[in-house]
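Pasting a structure below so you can have a look.
Per-chain numbering from 1; labels A, B, C and D assigned in written order.
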């Protein structure tokens, strides 16, 4: 392997979460300066969440830089205190430093604008795209080659979780990784939600490399508990927020409507413009270079224009989206969901096409689970190291984590136009609206009107 | 005046700076929900500053909400402790509350994308635009009318500084106003620059209404000193940062090039698309509704597309801008500036058209000044109230402020392509570059090569 | 009731947790200025915990002021939004404000130096003492009488939980009260332990008075979860810390030794000095005025002097205490505790009197429980208010709280001299020490040596 | 020199300012565990300042640990980036690490209780005492000897500023040293005064060793400006606070009264007890071991007892001190001070002995100065390094610092009993008090009554 080129003087980026991002290697500096990485400045981290948490304007550039910084701190710490002495001792191999740093920095480089929505509609996958950017004809790939002909492949395999060293893989992607640690703190800072905070310094100091991955010294157990509780809270309070989801559904329906208008021939390519056109082209797989042109701005500028569309559904949805008029929602569950057609019917009576103005949406997260070999995606469980070196799975020692383990957080909702809740004096649909509201109690759908 | 409609239960927005923005009045809630105010979500507060401080992604929606929140706190405090008892006693009239809150919220509603650049190129003025939005055919205007037929006019006159009550005007716009207090704290939080912090709670508690405006109790003098020092530091370190300015110049040259291409007939309207077209139409004054369609996304999406332009200058500048390759710079001064043609000549020899690839740029700020009746724009000086009620201008009491008073911060720079500093092994222009570099010492232009 | 005398201008105390403590009433200001309240400046909040968290030097003056400030915020909020309209409507009666504020301020006024240790050894009770200070011949009592002849009694009954209005009682003392909210945040700030933080502003805004006490709006449920998790973590990581407990045991054994020396006649009253003498006098109940003379300084100065005692046990323990040489400890449990005599025997062989140099100590806390009518001290459960106004007990809605509910945190330990773990080259007792260490594994007592 | 013994695993102390204090060397750990260093837990950092900033309860143990931590960060940074390559290159010699760390840790080990007051009354000097503790028969001395027979002497010479390497001396003691950087941040955190904050990380990264000491890279100039402004503000607002000074004077007068009572034979040694006795013994120089027994507790416990003294002046002053009834004050100046006898006369008429109940007190600080070879104590000026390596004194580049340079902050006050300002209805001395108040305007002494 090529000898790493250290910068004569480290460079720093000012970061509100980690104070400074320390850049000590030419390779990392060059990666940051690629156009593919710079594009992350134009992709917001939380998509439309800033419609409810107006402070949350941060982008993926900051998050990826932060994940890198955490990887740097952990590997520095391992290099100093847990460097391998002889093969097979299960300690940390300092030669893994650069692949770890590069993978941390690039782990989200394939994220597109409004990721979830985009992937759903255009059948893409940001992890696959990250692989393609690392391996394809890109500036990122060129820079990675500086380190050796096989280096891009190594970085890609870390992200694909096929890299042979489980320590490196788990630092980048596991239930306690630099990705999650950064985004929880960052999202908490930008939303202003104090519940996302935990004791990062403590966790970093308590990580321990071992043969099969990364464990946590018992002295860090409570800090990891806090981290998992922070994660649980952020999901319930921020990521699942009904207002964001009401905005996301508007976005999805806008793009779906455009698709339909194109498919039906009612509109032609000029509706979407040259940058968006490839995404809307039927049966076309987006190339890396087409994909990389798409950022938040391209979509938002298009929606801005669609406010003038002759298609009243498209223009109306676009105006709602930019004017921040999210669809409203109520909770549903397995028992009540089968009766939703009754609500959809009322919405239709009020003049709204349910295909565009209603939706059922499930928000789901499993905050923590132990290793389940038969699961579809078995999780790497969090191992705690006892003073004598033996290990125990976290939930065996923690009451709190035992309570969370394997229990999914789930929020199922039905979305509909805010007009349905209207009851002003001059309401044309007052009877229909009253009918609709008779199905709602405590923000939940009650088909029996109880 | 109409009786104000209070919300049955106050609503809050979570804000990372002020914890919560408290909304207690239907009027304020309705203003926030207008499409003109929601548009501020799509205009970044610091324009391209996040090219150097990557955390600084915040938008004008957050800032305007924050300025409102500060106005709310101050007026609540005045209502409780400094309400007028009889006419002419110089205290605070609680009836001014709503006009103050509305003006604080709306003070930046006319800001456009990349304000400074935009105004310079398209000859607009964001303060005039704010007036037009408040007085024109807008949702904002409609909402303001709820409060009375003359209310929009009152709010507009506060922003124009022609409102008769100087207390209200100074809270919104003076050397110590809710606008500056919010943006300093907010910009500090988002950039991660700790030097922008000061003791907000102390200042708010020490403000005192008096006949001619707002003064500060002597107990708050040191907090005001810190505020002015914070402002001074933010200008020098954040707002004047050469990298942001190197990006801003790229942006300005891109738009200027587009203008030229349209004027020369080399390109037609399709280059800019329907939303941008009115701005580029010669001799056309932008209407309010045209103006309000322009946000950051529209410009950034256009620049994204211009990367494919056949015009090599336009496509090159656009790629530099999105790839974050700012023009580099050196300091100049009155003595050295007249010799800049020598540098421009060298830049030209290296193959760059100086009109697009060089610029002279002055960053200027006057952190504080006392009232100078003969000045072009006389400033409202900061008055300190002594225990016996008499007043003194701040710099009479503060050594620190006396040092800053009337002394402008100025940073004059010459910008040029980063290639001019290149000296790699395979440099075609190595002699030209060496020539260029011979004019630079300690980041300054030294025409005599000393 | 007497009309409350408001201060012309509120006074503030700068507070690192709440920014400012706002004092708006003459009564509160006068209470703070009593000598009994000022004495709280000389009683540390966390006793010897600063032996492990060196930052935790804060005193009960700060905590009591903070609890008052929270009570002020809550009652201000209730006064504004939840004031009673007609009798029996279950809302907040603004006339309860002053009794609430006074009780919050004074709730810990009876705390003595090193409370737990002191109460255990001298058979006192800080809550009873708080009552006596409020009702007895004190400056506090005099000030309270300003408000009416029955006012001291009302304040005392709030603290005794016999006050008829359960809203007031629960604000001062329940599972979600101003006492706990302040001390968790304050202890977290001073120790530097980030896990003690939670979203105070959110909780304050979500409290709702109802007929039987104080409930929490559903919108605050997650904030309350965080608060309970913070409490759980602070107990396990700070309040239960083995090093503090090792110091506390030293302190207790020192005072116990002094008692013994006095009882045996080996030492006379001069050993303790005039201020401490009443506490050590056999069969003497401390008067309020005797009690109020005792503060941390009196004990620590005495221990300083006892370092010179002729009694080698007293001087040795005193030196260990001031030199911060805590007893070390290992975990025990119900199974292993009966075998502790084997360890005590080894400690004795190493030359240490087990009565003074060993101890068994249980740290116990029940983080949350619902109302159990048959419990010895039934707890007021936390009620959550649903949108339709109905209530549910917190753990019915929260997975996290359900996991904690009714489950005690318990840490049982055996303490012994640090010398027992010594194994240096010139160790006279090396065999004894080796014997001792053979009983320890993973910081736990293993009588079978496994 | 002995090879340094590194700890197998670093130990940490949780610190609210620096998150963690990292201890990597056995020597440092052993120093912290000495009884002389542990004594610093019983000496408050800001003396009686917590009488006005109740949060400021922190002790010198925390500050000394923090100064050490900063020294550790700076030396680690220098070791990595600025280690000397050849003799005389002016860079940092890594062998200076341990002497720097030990000196930083021990720099205040000789501080006594209520330092300033104590030194004034008992004619001691904390810097001399620090030397004696390092060089004398102490545990600290023993531990330092581990490093080599000459090591204690080296550490002592750093503190005496006679150590040959100016880099080491300036890190410990200069106008920009680890002592000041820690105490400003720490005092700001504990008081809650936000104006004491500055950008520590930035400064640490911008320090540069050079031949004659430590300079600052130009990139850190603004951070140093903020640091100096923070220092200026902390002096004016915290350290000079009239309430603290009013308490300090009470303390000084108490101790002075005790001295007098002993000298006059009205009281014997039992008034002060065995630990304080040596300090009050006439013509006796305190030995190190006598000195080290004195801490805050010994004084405060004694004052507690003196409340019962038969001497009414002593008991009254002691009660005022513990009940926090500071002397009040007004500003004086060179013109008005000569007329103070007129005020003292009135105080006497009101029944107070002016020797005990009045005082003149000057608070003085010079925030920054450049090197003045002829000054009594010439200061090491702050040097800024330009890109070409040349240096400039800070105030040549900074307007702000130029304004502060060489200009002392001075607050001269006259202190008197609070009763002099009383004007209640049943005031026996109402005429005398009115007379007194006629001399005061805007908190200043106006002998002419203007």
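Here, contacts are C-beta pairs under 8 Å (C-beta built on N, C-alpha and C of every residue); 3 or more make two chains touch, one makes a residue touch a chain.
According to UniProt, the chain labels map to these proteins: A, B, C, D = HD/PDEase domain-containing protein.
Since we're looking at a predicted model, the values are computed, not measured.
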| item | value |
| --- | --- |
| Chain pair showing more contacts of the two, B-D and B-C | B-D |
| Remotest chain, subunit B as reference, centres from CA atoms | C |
| Gap in Å, rounded to a whole number, between the CA centres of subunit B and subunit A | 32 |
| Cα-centroid distance, subunit B relative to subunit C, in whole angstrom | 50 |
| Chain centre separation in whole Å, for subunit D relative to subunit B (CA means) | 43 |
| Overlap residues in subunit B, where contacts from two or more other chains coincide | 19, 193 |
| Of subunit D, residues touching subunit B in the complex | 193-195, 197-199, 222-223, 225-226, 229, 232-233, 236-237, 386-388, 390, 399-400, 402-404, 407, 441-443 |
| Parts of subunit C lying in touch with subunit D, wherever the complex brings them together | 13-17, 19, 33, 35, 38-39, 41-42, 44, 50-51, 53-55, 57-59, 61-62, 65, 189-193, 273-275, 293, 295-298, 300-302, 304-305, 308, 319, 322-324 |
| Touching residues on subunit B, where the partner in the complex is subunit C | 9-10, 12, 19-20, 81, 201, 205 |
